[in-house]
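Listed below are the structures to be examined.
There are two complexes below, and they share subunit A, which is joined by subunit B in the first and by subunit C in the second.
The block that comes next holds the complex of A and B.
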C-alpha cells in the first residue's frame, strides 16, 4: 500500500512539472536572452548589457518614441482605467447591494448578461463612438496628460477598457458590499446621514480590501493590454503608443528581428507585473475565482 | 439549511420598527429612486455608450456598404441605404467553409484539451498532493494570464523558433531527427494556436474546479476509499458527479470566450501562415473592418461578420443568466426596511 501510494504521488509531481515546463522555460529564455548577444536554445553565447541600451536612447532613431514616454503612456492608461473602474463600480455595486429602486432587478440581470457577453465583438462600432467623442469639445481631445477621451487618446483607450471591465467590477464590488454587516450603516441612516455620506464615510473604509483586489486586477489588465490600444490609436510608435504596441512593432520593424533586444523590452514590461503578482497573489486569487473574462 | 432560512425569514421583520418603515415608504419611493439613480448614473452612461449604442450601430452598419471610400458620404443610419448584400457576400465567400471549419476546430479543440480537459486534470492533480505544493503549481499556471500578451506570444515564438534559437527544435525535434529546424509555427500553426490559447484558458477552469473539489465533504472520498475504490473510481463516481455544475459553467462560458477571442491568433499567425489557414470568424471580422494593411477597410462587411457573433453572444449570455446564479440575484436588499 505504502509504495503504491508513493508511486502515485511521484507520478502526480512528474506530470505537474511536465505541464509547467513550457511556461517556465519560456520565462527562463526571456531572462537569459535579454542579457545575451545571441542564444542557442537556453545557452547564452556571450553575456552583455547592450540589449538594454533602449533605456537611454530610442533604438531605431527619431521615429521611435523614447521608452520612458511609452512607459508613462502605459502607466497613464492603466491608472486612469483603474481609477474609473474602481470608482464607478463601487458606486453601482453599493446601489445594487443596498438600495431598493425601480429597475434594480433589471440592472442586476443586465450586469450579469454584460459580464458574460463577449465585448470584443463590438470593437467596430466602438471605433465610431470614439470618433464621435473626439468631436466633443473639451472631453474629446486636448486634455492635459491623458489627451481627452476620444479616438487616439490615452483617455479614450482607457475608457474602452473601463467599459469592458465594468460589468465584472460591479459584480465583484456588489459581492464585497453584500458581505458587510448592515448594522453600522443602519444606525448611521437612523442618525440622519444621507446615502452618499454612508457610502463615502462608512462603506468605503470597510471595503478597502475589495477595492484593492479590483484595482490590482484592473491595473494589470490595463498594463498588459494590446488589442484595444492597438485598435484605437494610430502611429504605432508615436505619442500615444503603449508598451505592448511598441513591443509588437519592434519585432516587425527591422529586417532581421533582434530578438535579444525584443526580449529586453519584453522583460522591462513584465517585471513590474511579476513583482505585483508575487506581492498581491492573495488578493488576486479572490478575483480570478470570480472569473476573468476574455483572452481564452 | 431550510430551517435556518425560515428562522431568518421570521426574524427580519421583527427586527424592523413598523412605524419607521411606514414613514420611510411614505416619504421616499421617489427620492429613494433618485438617489439610487445618482449612484447608477456613471454606469448607465458607460454602458449606453459602449454596449447599447454599439449593438444597435453594428446591426445598422452590417446592412450597409460603409468603407474607406464612401466614409462621410454614405448615411449608414438611414434605412434607405440598407440591404442584405454583406450577408450574401459572407455566405458565398469562397473561404466561408474554411473559416467556419477553422472556428469549430479552434473552439472545440482548445476547449476540450485545455480549458475544460487540462483545467480538470490540473485541479485533480493539485488537490491530491500537499496543499502548499498544489498552490504553488496553480500559481505557475496563473502566470500566463498576468503576462503581457505580446510578451507571452514572444515566449511561444522562442519555444517554436528555428533551430539554433528555438527551444523545442534545438533540444527535442532536431536531435531526434523529427524536424529540419524550421520555424515550427509555420509548419504546425494549429498546434501552436491551440497551445498558446490553451495555456491561458486552462487556469480559469483549474481555479473553479479546484474550489469545487475542495468543497466536496471529505467523508465521501473517505467512505469510498474504505470500500476499496481506486483513485480512478473515486474520480469517476464521486468527484465528477459532484462538480457537474462547475463543469457545465466552465464549458459553456469558455465556449463563448473562445468563439469570440482572436487576440492571440492575431499576434501569433495573423490568420496565416498560408492564406486563411488559421483565420477564425472573429479574426475575419476584425481584419475586414479594422486593419488596413491590405488596403481598404470595410466597416459594413466586417460588421456583418461580427453581428453573427454578437447575436450568439447575447443569446448565450441570457441563457447563462437563466441557468446560473439567478436565485442569488432576486434577493431584495434588507436595509430598506429601516
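The block that comes next holds the complex of A and C.
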C-alpha cells in the first residue's frame, strides 16, 4: 500500500463523510437537545429528562388527548392503511401483470396520472365524501378501534391515504409480478391449480420481498402523514389526533415554543419507524435463489 | 392417449402465429415439434396444454374435444425450459404439489414422491430448495413433478436447452428411455434437430406457423419435401447449388457452370421434366474424393471436427462442403478430384421451394 493509494482513499472518505454529515448531525442534534434544558449548537447546557414528561402527563392540560392515545391512533392509521394497501396492491398488481381484460392499458395510465395528481386539490371534495360516509350507520362512525370510515375517524383518514398510496403500490407490485416467469405460473396451472391458488400458493410467496418493501413504504407514509389527518379530523386537540398533528400543539399558542420538548416528541415518533425498518430490512435483502437458472 | 390437431390456428391480434396445423399422434408415440425460434412450435404446445385457446380448429384427446378444458382437466404433465420449479418450496413439496392440489392423502404423497425421486435419482435432494440444485438436478425435479400424477400426455418445451452439452446428451437418452418404458404419449418441442432426430418417433417440422412435414426422422433426412427441411435437417448442412438442367446425348445433366457437370440418374430424375434453373442439393457425406472420376478443384479450407475434417472447396464460384477422414491429411491448396454421389442428390424448384423428387 503506497502513499498515493492512501491519499486517494482518504480523499474519498472525507468527501463521503462531508456529504452525509448534514443528515447525521441533524439526528445527533435531535438526540442531544431532547435530553437537554438548552443547547448551543451541538453543546448541551445542562442535561435533563424533563422534556420527556409528556409521556406521563399531557403538557397542554386535561382537554388534550394523552400521548399514548395519540400513538395508538397513529399506529392504527399506519397499520390499517398498510394492510389495505398491500392487500389491494398485490391483487390489482397480479391482475394487471397477468390478465388480459378490457381497459387494462387505460387503467394503468390512469393510475400513473393519479400518482402524479396533487392531493391538495382533492381535499375539499374528499371532505364532502367523508361527511357523507359518516351518515352510513356502523360503517360511518360506529366501528370499534378505528371508529369507522367517515369524517373524524381513524378509518376515514386511513382510507383517504390508501387512495393516495394505491397507484404507487399497484405499480410496485405489478413490477414484482412482471419479474416472475410465466413458466412458473403455467406450470402451476398444469399441475392443477386454479387461478386463485396460483396467486395464493405460488405467486405470493415469491413476492414477499416486494410486499415487505411496499409495507415499509406504506407504513412510514402513514406514520408520518400530516396534511390528511389534519384535514379530516377535528384537529390537534381531538381524540383522533395523530403524532404529527399532536406536535403542532407546541406551536403558535401564546406561550413560547419549548423546542427541546418538540425534539423529544419527534424522537419518540421516530423510534417505531426505526424499529419497523430493522425488523423488515431482512426481507428487503432477502432475494430468493430462484428456481430458474438462466431461463427466460 | 391419442391426440389429434385439426386445422389448429392461433392468432395474436393481427399476427397469425399458427396456421391450420393438422396432425395426429398415436397412443404412446414420441413426437417432436422442430423449427427455428419463433416458428410457433411452443404456441402449439401451449394450446395442447390449455394455456392458450385456439383461434380456430380443434384439439382432440382420444375422442373428446378439449378446446375449452382448463389445463388441470387435461391430464397432462409439462417440463419447461426454465424448469419452472417453485423456489419457495423444497424438492419434496415441488414434486408433490400436483398431488396436494388433488387433495391426496399425505401417505400417498410420500410414497409417490419416493417412487418418482428414486426413478429420477434425486432421492437425497428431497429436503433441498431449487436454488441449491444444479441445472441438471433441477431438470430432473421438473421431470419428476410432471410424472408424479401419472399423466396421459407429457409435454416438453425445450427441456434440455439450458444444460451443458454433455449433460444434454445423457438426459436425451434418459428421457427417451423413460418415455418408452412408461409408454406415455409425448410431445417434445425443440429447435435442435439432433434432439429431434435422435429422440422422436415422428417429427413435425414447423416454419413460420405452417407445418412443413410430419414424418419419421429417416424420411425427413433422406427425402426432404421442401428446401427449408433440406437446409434445416442434417449436420453439417446440405450443400445447395443453382444448376441448369440440360439434355446431353439423351441424358439429363445438371450444369453447375465453369464446365462442372453432373449426370442425373434415372432414379433421381426431377418429376417435372424441367429444363432450366433448379436448386440441387447434396449432403457433405455424399461427396467423395476420387482419383479417376469427378471435377478438379483445390482445397480452400480444412476444419478439423474430431472424427471428420470438414473441407471447403470451390466449384466454379460456389463453396462445396464435404467430410473426409482426417487420415488423408488434406491441406489448403491441395489439388483433388471430387465426385458427387448422384444417388443421393436432391432437386428443388427455385420458386416454390418444393422438392422435385418427393413433394
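Methods note: the second predicted complex is superposed on the first by the 243 of 296 C-alpha atoms of A that agree within 3 Å, B and C clash if a C-alpha of one lies under 4 Å from a C-alpha of the other, contacts with A are read in each partner's own complex, and residues count from 1 in each chain.
Criterion: a residue touches a chain if its C-beta (ideal position, glycine included) is under 8 Å from a C-beta of that chain, and two chains touch if they have at least 3 such contacts.
A quick note: this is a predicted structure, and the numbers were derived from the prediction, not measured.
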| item | value |
| --- | --- |
| Contacts of A:197 with subunit B and subunit C, given as first, second, both or neither | second |
| Which of subunit B and subunit C A:138 touches, first, second, both or neither | neither |
| Contacts of A:205 with subunit B and subunit C, given as first, second, both or neither | second |
| Touched partner set for A:18, first subunit B, second subunit C, both or neither | neither |
| Subunit B versus subunit C as contact partner of A:181, first or second or both or neither | second |
| Contacts of A:189 with subunit B and subunit C, given as first, second, both or neither | both |
| If touched residues of subunit A are counted for subunit B and for subunit C, the larger one | B |
| Subunit B/subunit C common contact set on subunit A | 186, 189-190, 194, 288-289, 291-296 |
| Complex contact set, residues of subunit A against subunit B | 8-9, 12-13, 15-16, 19-20, 22-27, 29-30, 33, 39-42, 87-89, 91-92, 94-95, 97-102, 104-105, 107-110, 112-129, 133, 159-160, 162-164, 166, 170, 182, 185-186, 189-190, 194-196, 199, 220, 223-227, 231, 243-244, 247-248, 251, 259, 262-263, 266-267, 269-270, 273-274, 277, 281, 284-285, 288-289, 291-296 |
| Complex interface listing, subunit C residues touching subunit A | 46, 49-51, 70-72, 74, 76-78, 80-88, 97-98, 101-102, 129-132, 135, 138, 145, 149, 155, 157, 162 |
| Contact set on subunit A toward subunit C in their complex | 181, 183-184, 186-194, 197, 202, 205-206, 288-296 |
| Footprint of subunit A on subunit B - complex, ascending | 20, 32-33, 35-40, 42-43, 46-47, 49-51, 53-55, 57-58, 61, 110, 115, 118, 122, 125-126, 128-129, 133, 137, 139-152, 154-156, 158-159, 164-167, 170-171, 195, 197-201, 203-204, 207-208, 211, 231, 253-254, 256-264, 266-267, 282, 285-286, 289-290, 299, 302-303, 306, 309-310, 313-314, 316-318, 320-321, 325-326, 329-330, 332-336, 338 |
